[in-house]
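Both of the next two complexes hold chain A, though its partner changes from chain B to chain C.
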Partner chain A sequence: MRKNYGPIYVAPIAFWLIAFLSVPLLITLSYSFMEKGLYGGVELKFSLAAYKSLLNTAVLKVLLNTIVIAVASTAIMVALALPTAYYIARSPVKNLLLMLIIIPFWTNFLIRIYAWIAILGSNGLLNSFLISTGLLDEHIQFLYNRYAIILVIIYTTIPFAIFPLYSTIEKFDFSLIEAAMDLGASKFRALWLVMIPNIRSGITTAILFTFIPTFGNFAVPQLVGGTDSWMLGNLIVRELNITRNWPLASSISVVLTSVTMIGVLFFMRSQSKKEL
Partner chain B sequence: MKSSQVTIENVSKRFGDFVALNNTSLTISKGGFYSLLGPSGCGKTTLLRIIGGFEMPSEGAVYFDGVNVLPLPPNKRHVNTIFQSYALFPHLTVFENVAFPLRLKKVANAEIKRAVEENLALVKMETESKKYPRQLSGGQKQRIAIARALINQPQVLLLDEPLSALDAKLRQHMLLELDAIHDKVGITFIYVTHDQAEALSVSDQVCVLNKGQIQQIGTPAEIYESPANEFVARFIGETNYIRGKVVAVTDAENAVFESPEYGKFNIWLDKKVQLGSSVALTVRPEKIRIAPGKPSNLPPDVNVLRGTVEDMIYTGFQTKYFVRVNGAKEPLIVFRQHVQYFMDEKPINWKDEVSVWWDTKDSFMVEVN
Partner chain C sequence: MKKLSLLLLSAAALCLSVQGCSDSKKEEQAPSKDKSAEQKLFVYNWTYYIPDQVVRDFEKAYNVKVVYDMYASNEEMFTKLKAGGGGYDLVFPSGDYVSIMIKENMLEPIDKNKMPNFVNIDPAVLNKINFDTGNKYSVPYMMGAAGVAVNTKEVPAGFDKSWSIFNRDDLKGRMTMLDDMREVLGAALKSLGYSVNTKNVEELKKAKDLVKQWKSKIVKFDAESFAKGFAAGDFLVVQGYAENVFLELDEEAKKNVSFFIPKEGSAMYMDSMVLLKNAKNKELAYTFMNYIHKPEVYAQVADFLMLPSINVPARDIRKVKPNYEIADLERSEFKEDLGDMLKDYNQIWQEIIVGE
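On to the complex of A and B.
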C-alpha cells in the first residue's frame, strides 16, 4: 500500500488559510453580532444593533458610492485593457511591452498614489502646466472627489485586467478571425463576433481581479478622495480607530465580504453555464 | 452557382529578403479544379493567400473575370477559403457556424434555415446541426468547413491543404467527396497541397511550384508522364533519373543516348534536342520490366540492362526492386505488379542476377538542373 501523503502536502496552506482567513472572518462575523464596548472592543452579548445602524442613510450612501466607483472603474479598466492586451498579444515585442506594464509595480503602492497627488493637486504638475499654457486662470482642485479615486484606482489596478486578457488572447487562434473575414465580416466585426466570445474566461477573470480589489479599496479613497466620496473601507477604519464601534466596523466588513462573494459566485455561475 | 476565371499576372511576393513568389503568371479556367502543388515553402500557400486577399503581392495583379481584385479586402471578394485547421468557430453550433455569413448579411431567419439545411445536406451533415465543433471528428469538421465556405455562393473556392489533418483512408474518401461537390456546385476550386497523389487524382490542371517559381503547368497525366525538369520528375511519384548525352540522332523521332554509368541506348525524342547536348532521361519504375537471368524472347525496341537485386520491398500489390547495374552510383527502381502472384514465371530474390528493360518510348528527356 502506498502511503497517502495528501494531508501532509496541504497542511501548510490549510494552516495558513485557517489561521489567517477563516478564524479572522469568524471573529469579525461574531463581533458584528455583539454589543460595542465603551472604549472599543466588544461586550460578549448578542445584539443586532450594529446591523440596525447599517440602515442609516449615511452608511447606505457610502455603500452606494462604493458600488458606483467599483462598477465604473471595472468597466473602464476592462474596456481599456482589452485593446491593450490585444495589441500586446499581437506585437512582435510582447515581452518588452509586458515588462513595461510590470515595471511600475516595483514602486510602492502608496508612493504611486502620492505621485498622483503631486500631479493632480492644486499646486500640482497639471495645474502648473495648464496655467503656464494659459488654458487656466486659477488653480483648480482635481483631487478629493470620485473621479480622482476612479482615475487612481484604474492606474493602480489595470494590470490585473491586462494580464488575464493577454494570456487568453495570446492563446486565441487568429485563423478564426481570418475565417470570419473570409466569410464576409469586417475586421472589427470579426473580433467582436469571434474573438470576444472565445476569450470569455479571460474577461471574467479580468472583471473579478479588478472588481474585488476596487470594492474593498481603502488607501486610494483615503488619500485622493474627499469626505463625500468615501468608500466602505474608509468607514470601517473610522469605526475601528476613531468612533471605536467595533461591532459596526465588523458588520460593514461582513456586508462588504458578502456582497463581493455573492457577486463573484453569481458571476462565475452565469459564466460557467454559458460554457455549456 | 456562378464561377469565375482567375488570372494571376506577374505576381511576386517578398518577405524581407525571402522571395516567396517570383514573377508568377497563370490562368485558372472557370469551373476548373486547379491544384497548386509543391513542397513546403514553395510559395503555394502565399499564392492562395494573395488570391484570398489575406496577403498583398509585392508586385503584379490578380484578376477575377478580368477585374483586378487587389484593392478589395477578403470580405469583398467573391471567394471563400477552407483553412487547413478548418477554423470552425468553437463557440457556435454547427448550424450557427454555417449560418455565420448569412447572419452577417442579416438574411431573414427562414431563408437562413433553408440555406443552411441545403448546404448541410450537400456535405451529408444535416443530422449534426446542433453539435459544437469539439464534438465532431476531423472528417466531420472538414465537411462543416466546406458547407460554411459554400453558403455565400462564392465564385471561387480556395482549399488550403484541407485534408492534411485526416488519416489516409479518410483522406481518400474526402477527396472523392470534394470532387463530387465540385461537380455539383460547378465553381472554380483552387486546391493547395504538397501531396502529389491528391493533386493528380482530382485536378483538371496542376501547377507545380518550387522555391517561388512555376516548374510546370499541365494536366495530371502530362505532369506525371512528361515532367518538364528534374524537380518535377523527382517530386511527382518515383522515378529513375539518368544523366547523359545525345550522341547520335537517328531520325526525327529517335536518337542514341550515352550515359557514363549505363552505356548507350536508344531513346525516343519527345522534344527537339541538339546533338551532343547534355540531357537527363527519366523512366518511371512501373514502366520497367524485370526477369531473372537473360530472357530470350524480349520484344523489339527495348533497352535492356543487367544487374543484381540489391534490395526488395514487398508491399502486397507489388514488389519494389532496387537493381544495381555494374558501375552505377544509384540502383534502378523497378516495380513488379503481382497480377497473378503464384503464377509469376520465376520468383526473384535478393542478390539474383536480373535483366531489366523498357520500351524506348517510355523514357522522357528532361532539362538537366
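On to the complex of A and C.
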C-alpha cells in the first residue's frame, strides 16, 4: 500500500496560515465586538459600540480618501509597470535589469521615504535646483499632500507590479505579434489585442499585489502626508496607540480587511469569467 | 529555475519592505530572578532618561546591580505592568499615570523619612502638583513642557513669544504642531485663559475653533519627524519638546534657533519616581531615589537632559544652562488624568484632525 504523504506536505503551510492568519483575524474580529477597557485592552462583554462609532462622516471621509489614493496609485503603477516589464522581457540583459529593480529594496523602506523628503522638501534638492536655475523664484511645497503620498507609494511598491507582469510577458509567444502584424495590425494594435489578453493573469496579480499593501499603508501618509491626508491605517494606529480604543481599532481593521477581500474576490471572479 | 529566483527576489524584497514598517522601540528584557548575593534593583524608565554614568556610579557606591529597562510611552509601561510583566521596583510615570496607578492600587506609599534628600525639591513645584497632592506616592524626577522652536535665520526677530505665532499668515505652510491631543488642545486652552485639564465642554469647543485656525496655517500635526524637517529648514516654526528639537541640530545650527515657552503657558509634564506595591527591593529603591536627589547627582542628570532643575541646591552647581527655566513655566499647568472627560477630548481631537 502506498503511504499518503499529503497531510505531511501541507502541515507547515497549514500551521503558518492558521497561526499567523486565521487566529489573528479571529482575534481582531472578536475584539471588535467587545467593550473598550478603561486604559486600553478590552473587556469581555459583547458590544456594538465600536461599529456604531464607525458610522460617522469623519471615518467615511478617511475611507474615501484611502480608496482614492489606493486606486490612483494602483492604476499608475500598472500603467508604468506594463511597458517596463515588456522592455525587460525583450531585453538581452534582463537579469541585470531585474537586479537593478531589486537593489533599491536593499535599503530600508523608511530610509527611502526620508530620501524622498530630502529631495522634495522646501530646501530639498528639487527646489534648490529649480531656484538656482531661475525657473522658480520661491520654493514650492511638494510634500505633505496627497500627491506626495501617491508618488512615494508608487516608488516603494512598483516592483510588485513589475515582477508578475515580467514573468507572464516573458512566457508570451511573441511570434503571435508577428502574425498579427503580418495580417495588417499596427504594432500597438497587435500588442493591445493579442498580448494584453494573454497576460491577463499577470495584470491581475500586479493589481492585487499593489492595491492590497497600498490600501493598508500608514507609514507613507504619516511621513509625507499633510493635515488632510488621513488613511485608514493611520486611524488604526491612532486608536491602538493613542486613544487606546482597541475595539474601534479592530472594527476599522475588520472593515479594511473586508473591503480588500470583497474587492479581491469580486475582481478575481470577473477576471476568471472573462477567461472562459 | 528562473521563476524560482524571481520568487526568491520578490520574497526578499517583501521581507525588507515589511521589516521597514515595524519599528521596534522596545529594548527591554524581562528581568530574571537572580539568587546571587549581590542586590539588584529593577528600574523601568523612559528611553535616555538617566545618564549611564549616574547608574554606574550608584552601582559602584553601593555595590549593587541596576537592571535598567526602557519604555517609549506611558501606555506601553502601563500595559506591561498590568499584564504582570516586569518584576520592577521603580518606575517613572508622568503625572496623569501616577494618579491612574494610585487609583488602580499599584503603588506603595512613600515614606519620606527614608528619603532625607526629599527636602531638596522646590516646594513651589510641589505645590503645583494635583495628580498626587502631598506626594504620598511619588517622588518628582523631572519636569518640562512643550514649547515653540523658531528658526531665527528665516523668521525676523521681534516675534511675539506666544501661541499666536501659529496664526501668522506669512509663515503659512512652514510650521508644524505636535500630533498630541493634550499638547495642542492645552496650548489652545491656555491661549483662551482656560485650564489644560478643563472639564467644561464649551471651553473645549472654543479651543477646537482656535486649533482649527492654526490647522489652516500649519503643514501637519507631527510628533515623529518634525525635528528633522526643522533641522533641514523645511519648517521654520515647530511646537515640540526642546530635547527633541536640539537633538537634531549641530552647534552651529543651534545659534539660529530660539526656543521659548509661550507666555500664555503650556501643558506641563512631571515624571516621578514611584515604588511598585509588589517591589522586592524597596530599601534599595529608597536608596536610589535618595541618591538621585543628592544635589551633585541631580545636577548631572539635569545637565544631561538640559531641563530645569527642581532640586534647589542642584541649581547652583549645575554646569549647563537649561533650555528654559522654572520661571518660564510660571503659567503652565501639569497635565492630569482626564478620567471620563477623556472621551470628549478624543472626540474633539478627532474632529480637528480628521474632520467632522
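Worth a mention:
By definition in this document, the second predicted complex is superposed on the first by the 276 of 276 C-alpha atoms of A that agree within 3 Å, B and C clash if a C-alpha of one lies under 4 Å from a C-alpha of the other, contacts with A are read in each partner's own complex, and residues count from 1 in each chain.
By our rule, a residue touches a chain if its C-beta (ideal position, glycine included) is under 8 Å from a C-beta of that chain, and two chains touch if they have at least 3 such contacts.
All values reported here derive from a predicted model rather than from experimental measurement.
For the composite obtained by overlaying on chain A, chain B and chain C can both be accommodated side by side without a clash. Of the two partner chains, neither chain B nor chain C is touched by A:132.
In the superposition on chain A, contact is made by A:110 with chain C only, not with chain B. In the superposed model, A:197 makes contact with chain B only, not with chain C. A simple residue count on chain A separates chain B from chain C, and the partner touching more is C. Of the two partner chains placed around the shared chain by superposition, neither chain B nor chain C is touched by A:4. Of all Cα pairs spanning chain B and chain C in the superposition, the closest are 23 Å apart.
Chain A meets chain B in the complex at residues 173, 175-176, 178-186, 189, 193-194, 197-198, 200, 276. Those residues of chain C that touch chain A in the complex are listed here as 2-3, 6, 9-10, 12-14, 16-17, 19-21, 23, 73, 75, 78-79, 82, 100, 173-174, 181, 215, 218-221, 224-225, 228-229, 232-234, 346, 350-351, 353-356. For chain B in complex with chain A, the touching residues are 52, 54, 73-75, 79-81, 83, 85, 87, 89-91, 100-101, 104-105, 132, 148-149, 152. For chain A in complex with chain C, the residues that touch the partner chain are 39-41, 57-59, 61-62, 98, 102, 105-106, 108-111, 114, 117-118, 121-124, 141, 143-144, 156, 159-160, 163, 166-167, 170, 218-219, 222-223, 225-228, 230, 235, 241-245.
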